[in-house]
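In the two complexes that follow, subunit A is the common piece, with subunit B as its partner first and subunit C second.
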Partner chain A sequence: MAAVVGKLATISIGWLMLGYCAALLPLFAYLPFWMLALAGLTLGWQLQIYRNKISAPGKLVKFLLVVGSVALLFYSSGNLLSLRGFVGLLCLAFCLKLLELQVKRDLYLMVFLGCFVSACQLLFSSSMSAFVYVLICILIFHGCLYSAQLQPQHGVDERQAKGGAGAKFRFSSSHWEIVKSVLTMFLQGLPIAIVLFIVMPRVGSLWQVPINSDVAKSGVSDSLSVGDISRLNQDNSPAMRVTFDDNIKPDNSKLYWRGIVLADFDGKTWRRAEKISTTALSATQRSQLYQFDRATPAQTYSYQIMLEASGQNWLYALSTAQVDNPQIKQWQDYSLTRKTLLNSRFQYQVRSHIGYKADPEPLSEAQLRLYTALPSNSNPRTRALAQQLASQYTDTGRLIDALLQMFQSEFSYTLEPGKLTVENPIDDFLFSAKRGYCEHFASSTAFVLRAAGVPARIATGYQGGQWSSDESYLLVTQAAAHAWVEVWLDSRGWVRLDPTTAVAPQRIAQGADSYLAQLQSATGLSSRFNQWGLLREMRLRLDSINYQWHRWVLGYDNQLQFNLVKQLLGGVDSWRISLLFLLAGAIAISPFALIKLWRSRLSFTDNNLRSVAKLEKKLLKFGLSRARGETLANFLQRSASQTPENRQALKQLSAAFNTLLYDPRHDSDKLVRERIQHLLKELKY
Partner chain B sequence: MRSNLKKWLAGYYQFWLNNRLPAQKQQRLQQKNLFIFPSLLGACYLVLITIFWLLGTNYANNLILGLCYLLISIFLLSIFHTYLNLHGLHLAVGNSKPVYAGELAQIELYVMRRLKRQYNSISIGWGSSLSQVIDWQGEDKVLVKLPVRVLQRGLFQPPRVSLKSYYPLGLMRCWCHLAIDTTVLVYPSPVKFDNTHSSSSAGELQEGNLSSQIISGQQQEFQELQLYRNGEPLTQVAWKQFARSGVLYKKHFTDYASDSSALNWHNYPGVEPEMRLQYLCYEALEFAAQQRSFSLQLPGVEIAAADTKSHLNAVLSALALFQINPDLSSTGQY
Partner chain C sequence: MAEFAVLQQLVNSIGQVLLGKDNQVRLALSCILADGHLLIEDLPGMGKTTLAHALASVLGLSYNRVQFTSDLLPADLLGVSIFNRQQSSFEFHHGPIFTQLLLADEINRTTPKTQSALLEAMEERQVSIEGSTRELPQPFFVIATQNPSHHSGTFPLPESQLDRFLMRIELGFPSQKAERQMLQGLDSRKKMLQLKPLLSLEQLQKMQQQARQVSVTEHLLDYLQRLIQFSRENPAFQYGVSPRGSLALLSAAKAWALLHDRDFLLPEDVQHVFPSVIGHRLSSTQSSQSGDALAEFILAEVEVLYS
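Take a look at the complex of A and B:
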């Protein structure tokens, strides 16, 4: 236990304090603000204790500090059993333990706590930069462990030399030594860690843990109100990333990422219809989908979606989706939800059937009522318009065409439509404002259709996306949020109808990002978007790296592991897996083996052996070969007896080789080798 | 029962250790004689790794799992690093100076390292009480003096030397217990002869007023009884003893005034052998300090009178090794 008990060296304390600051700093964003003060207080206190300015706190002070801070934490975070409460407690322990830093055991405890605190950061942020930062923190703590193992007399000397006065953290050569050694260990450990990461099987959660439930709700909302937002903010944060199988790249106009279906309208706001969106997909619908999948695979896209944490549980997919994932539920309107809220990124595989006719058989009475229901007293002018159109066009297709025609000729697309009246917003939009974005058009179209007796509903989600710089995946940003209409047509079922295409066809063709950017720069909303091209390029590149990180590191799960192993080994049998483990072991060991080999190479005998090989090669031309186990001297003697004309030269060679190989003095090696070279040339055929 | 088992285990361990690592003049630290096992800190490190794994698994957080695997690989690597920190070192025995029993013997050991390699924080000492950290100070050969208290005269064989290292991270403990093939000559501790401590038979002799006589003007002191041989002066016959035993003894007197003094085993009749050796040792040192020549007579050992340094050494080693079986080594306390 000699290593556990002992005085602390200045160098160890310096490293520990560095690690202390580094580990806590990013966590303050998630912790109550007073913890920053507490951490600073304990750090300063310990520094003063170390410099012998004040004495270590007594038992009562420590007790009061612990009780007080835990109570404060309970007061400010409310629940100590939540993730934040748990991390808060951990940080509290880390801060307060610093005051007790006396012997090596305290230092070790601080180091372990520190490693744990640094890792907790990854519960909140999983970006690459956060990971690198945590790695640095852990490296510092290992440096602290390393410094504690350095020769103790160093520390004693230093401490005595400095006395109590100057406990400065000087950057001396020993610090470099520590950095170098620890970095070497980390670099050597990296291949083993990577192999372990790839190979080690993932076990699902062992028990329920408090999760980070404070994810801000983002993305498409579950209701749509017309006219209560006067200006749409452009949010370029990613919503999801999609990788299509087989490198298929569908047109932008086909990329309608359908999320929520809104069928319930109260005159102002579209909401989900409870009845539909809580009824699971019927067996008939399911079998129809399955049959379609078997019959026409050409009209099917297969792809993988990585959805950002939204705090909600909607999932998105192209047109009619088919999923095979026990975590995902599909409802009667073909919308998808996950069983639990998306508090972290979620990755799922979807097959979408583009040409699929959803519910082509006539709607039931109840469904018809639901999809044509409108509040009786709102928007009278729009109702009149709908009546007029209905009487004018008996064919629903022509009715829609007329409506779109109207939009195209009289309406314009804008991100700043201004507010609409509260009582009859659709009347206001259709007859006076005539400017708006997707929500206005979708909502008013659905209203008109319903008023004309045509079943219609609103679908919200995203439209379009940007291909990554290497075109391997599609990035969909929050700016691509979109709303459109689904209309039920006889014998065709539910058909997508996007009124925005009539007003702003480029919005659909080019995608939201570039179109909206043009729109903004044209109206002079923001001049910095003039350099948008370059910015966009950079953002896409960054996102590409990020995506690969998310996909291969964060999203590396059993499925991916299985696929990777299958791809690498051509199958997943037990013998192949054991082979992989062996291979992994070999890879991990190979650097050491190589170093060992490199060190043990015969540097001086190499040249001698080469000379022997040269001699043997030369004599082989005479038809003389050295027998197994025959000594060189014997061989040369035998050769001399068989080739009398070379007897003299071979005798001299024998003597020279004897000197070269067995003379303990190596100073004349070079001369002897030259002589052998010379003699070899003299051998005559 | 339990203590028996413990004893047996300890005995078996010593037997195994002696078989595996016999004593040698020069030792090279290698796979055969190095042991390595996680330290207490290493065990705690494993607990930390387990916590990381639980955290990473329960939160399905690949980054924390990645960190966990990195810590595992560092743990594994530290086995190599700690091992390599001792591997390849040479340990050679230096000259050990003789000591007096009860003093600290300084066992000199040379620790040599190969060039181009760094060896850090290696502690060296006896058994579990480790005393020194090897301080290389840029040298490739370091002299380490390990003190050990020796209680018995004779040839002292030091216990096994332990080298131990926790470097670089303290997660592993690498150590070796080497038997070094060296012996230290241990002289008897010098003790001044005090009459009051002498036994009854010597006292009886002194009672008979034989302790000092004046013969031919020189002060002589009674030393011991010797068998009387014909021709010797009758004045020296111990009549009292003759009356008691019927054997003629001659009273032998030592001549203090003479330059040549004899240290004799029989000078201290009735005294325990070990004590006699201690008295003789003291006398020898006294003579040497006064630079007088003296001789030594022990049963079976006789050293002629001289006053040189080597003579003193010869006398002292004769005292040290008197009736010592060279195969049996004495043990020290440390």
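Take a look at the complex of A and C:
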């Protein structure tokens, strides 16, 4: 029997292994595949050890396992100092430690490691479902901890069961018992956790793990080349979500989410013009923004954007935007960037003035040169076309109309345009292919305009979006990526010109998702879109839940906290904060207090007991309290020896209470009760 | 009032033989008043037999003593029919059990067979021998003594048999003062002879009747039930106290109250008899703890007043 004392109960091992599998399962998607085998191996090994089929591995074997698996991890992940490397190391430790499971201390260590491993999932996914899953994992480990705490009794139970003494066990530490206890503890801790979540100041991260770069996948890149992609992929992952304040929403055709401006063209690829996109917004421009704000409020939209991690640093907004955020910079072309790259979700507040005619001051000589610059030797046929148009129409507006007219009559919109020639892609597009998507139309339009001497540039970003099922926010997916042209008209400044509207007006009116879906099903590309409506609905519902989760739970930062506190308390002073803390504490404790009160209320239904409680309350002031198993008479005798001045009163009280409580002839005797009231008053402090 | 004086006198006269053990004497007396059987457990030479003998003497009951040995047979205890040659018929010879007070000395030295023969007698107050049932005299008490069960050559009493004893008491070593008094005083055998019956049978039965009539309030029953319920629900115990156990607790406490000249029950009475009544009915899941320690644990944990 002595050898069995240290041995772990089967039930704890079971719970631990359940938690072990649950915690590791989602991580295998991010870990090298052989770790799955290793985890299975250690699990099976430990099971056999526990069943005494084989002995625990020796020191040498363990050493070789550790060195070997770390080397393998280094070999397969290449870099141990990455996020995956770190997580891999932690998981390795978790898997291998299982082999050493022998006594309770090892079990505790496994449980703590397991909680860490469970939480690691949140480094890769921060959706609500992942959070719930992590919570379940951690609760399973708590179940393991709980079962380990019950172990001594459990061991005896087993011995008894073997002995078959026929004794009835009033207490069985069954699984259900464990589940119930863990859930109870969880519920008890919940109010405190919620209060701490709301009021605890957010501390910045103390260290940073290098985040792997594959989150930086965006439908919008920092350059635009014509014709080197033959087929556009439909990526329905969210790019951003927008909530409009006061529920004032613009209609779909106005939803041009402007990201970066590309003004530098080398004959094949449009890039950002360093000079423009690194010159800050001038003071005149800024002041105009604010003037406009006051002039026509009907055209102004105020909204909040939650941008997914893009791995880039530029931000999106509707046309010319006004931002008050020290983290965000605005450049001369009105594009917005954040100081650091977006490796996680970022939320910001914007005001936009739609229809704003910016930059009425004329372009400088240098700017004019920049916005009409073209490489001299490229796309000769297009240049010739531009020369012809320029001579035909002196008015820029007429010129544009003619160009769009051409697109409308001869061109078609497609997602699979095929490749264009490398040397003169725009010539190829305009004169032979005549089919393409927004990039083709935008860059050829810009090229023609520049060749005709009209300043033009390309803006990229997203167009449109889908309203959530309750219309509370707008979801913009990567599929909504778009490119359009901005053209300089001397009278009106920079004006947005979207040639795609000429070719495929529905693309703009309906939004990318539904239009592209129609396009695909019409060409018979995909039959899975037959159930598009239902799928779309479900996707939107799910996204809606996740968005609220991100917005209110994950996005709950210092700013939001500050606002919430300000809104709740009407100001942020130290006394208000301390009041909030007090309030929060009270709220957290109130469920327990209420339960306690409820229980104590039940015991006072009896008049006699109520007077006992009165007496005890009074004696508590003397610092005297009755032990649980102490009779009232014994307690009063003890009290009498502590407060000699009340000795007589207490002695009489003791006798009176004994008759009141225990003598059936006096248990509702008014005289005795009056006497007790009288004696209670006599007690002197 | 007269009863109280008599009871006090009983305690005093037994106290002359068994020095310094007033508490145990009172417990034993209340066991008799509650019409229950008594088990005295202690090391050899602690005065177990003396107590039993003195009780029988002062109560004026007919008294038999049986030394239980490993070869004692049920017939040795209950009696046997022997053929009478003159009358040509079987004649029943009463065994020592046909008495008002049976002292079963070292009960755990005999075999389970003989132990269970005593069992029926204790519970039903009758014995079945050779197909016929014979009534035992009224009243009928068993005072059994036993050595601690880990002593060699013992057959520990099973739970079912322990449950039939209303109380189990331990005598313990006498105090220094009592022991000195004992060493200086007369031989206890001679003192025993001086003990005279102080009670008639009618008086004893009247007192038992009075003990049953001690009144009890709801508050006290609540407390008593909480005590019993605790033993059934707490994981520290292998099994809870039986309903027979709770009845035993109530009647023993009532007798204790009568012994202290009160006609209503106080929680102190319950607490006082609790270890003796409940201790031998409990067993810990952690085997090291004795029944008395468990009983003290219950008393400390259970709230006296509030539910």
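FYI, the second predicted complex is superposed on the first by the 548 of 685 C-alpha atoms of A that agree within 3 Å, B and C clash if a C-alpha of one lies under 4 Å from a C-alpha of the other, contacts with A are read in each partner's own complex, and residues count from 1 in each chain.
What we mean here is this: a contact is a pair of C-beta atoms (placed from the backbone, for glycine too) under 8 Å apart; a residue touches a chain by one contact, two chains touch by 3 or more.
Values in this document were obtained by computation on a predicted structure and should not be read as measured data.
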Partner chain(s) touched by A:554 [first = subunit B, second = subunit C, both, neither]: first
Subunit A residues touched by each partner, larger count belonging to subunit B or subunit C: B
Touching partner for A:612 - first (subunit B), second (subunit C), both, neither: second
Which superposed partner A:634 touches (first subunit B, second subunit C, both, neither): second
Partner chain(s) touched by A:148 [first = subunit B, second = subunit C, both, neither]: first
Which superposed partner A:500 touches (first subunit B, second subunit C, both, neither): neither
Overlapping contact positions on subunit A, where the subunit C interface meets the subunit B interface: 152-153
Subunit B - residues contacting subunit A, complex: 39-41, 44-45, 48, 51-52, 54-55, 57-67, 69-74, 76-78, 80-81, 120-121, 123, 130, 133, 135, 164, 166-171, 173
Complex interface listing, subunit C residues touching subunit A: 215-220, 232-235, 237-240, 264-268, 271, 285-287, 299-307
List of subunit A residues in touch with subunit B within their complex: 1-4, 108, 112, 115-116, 119, 122-123, 126, 130-131, 134-135, 138, 142, 145-146, 148-153, 181, 185-186, 188-190, 192-193, 196-197, 200, 202-207, 209, 211, 344, 553-557, 588, 592
Of all residues in subunit A, those that touch subunit C in their complex: 152-153, 156-157, 160, 167-171, 602-603, 606, 608-609, 612-613, 626-634, 658, 661-665, 667
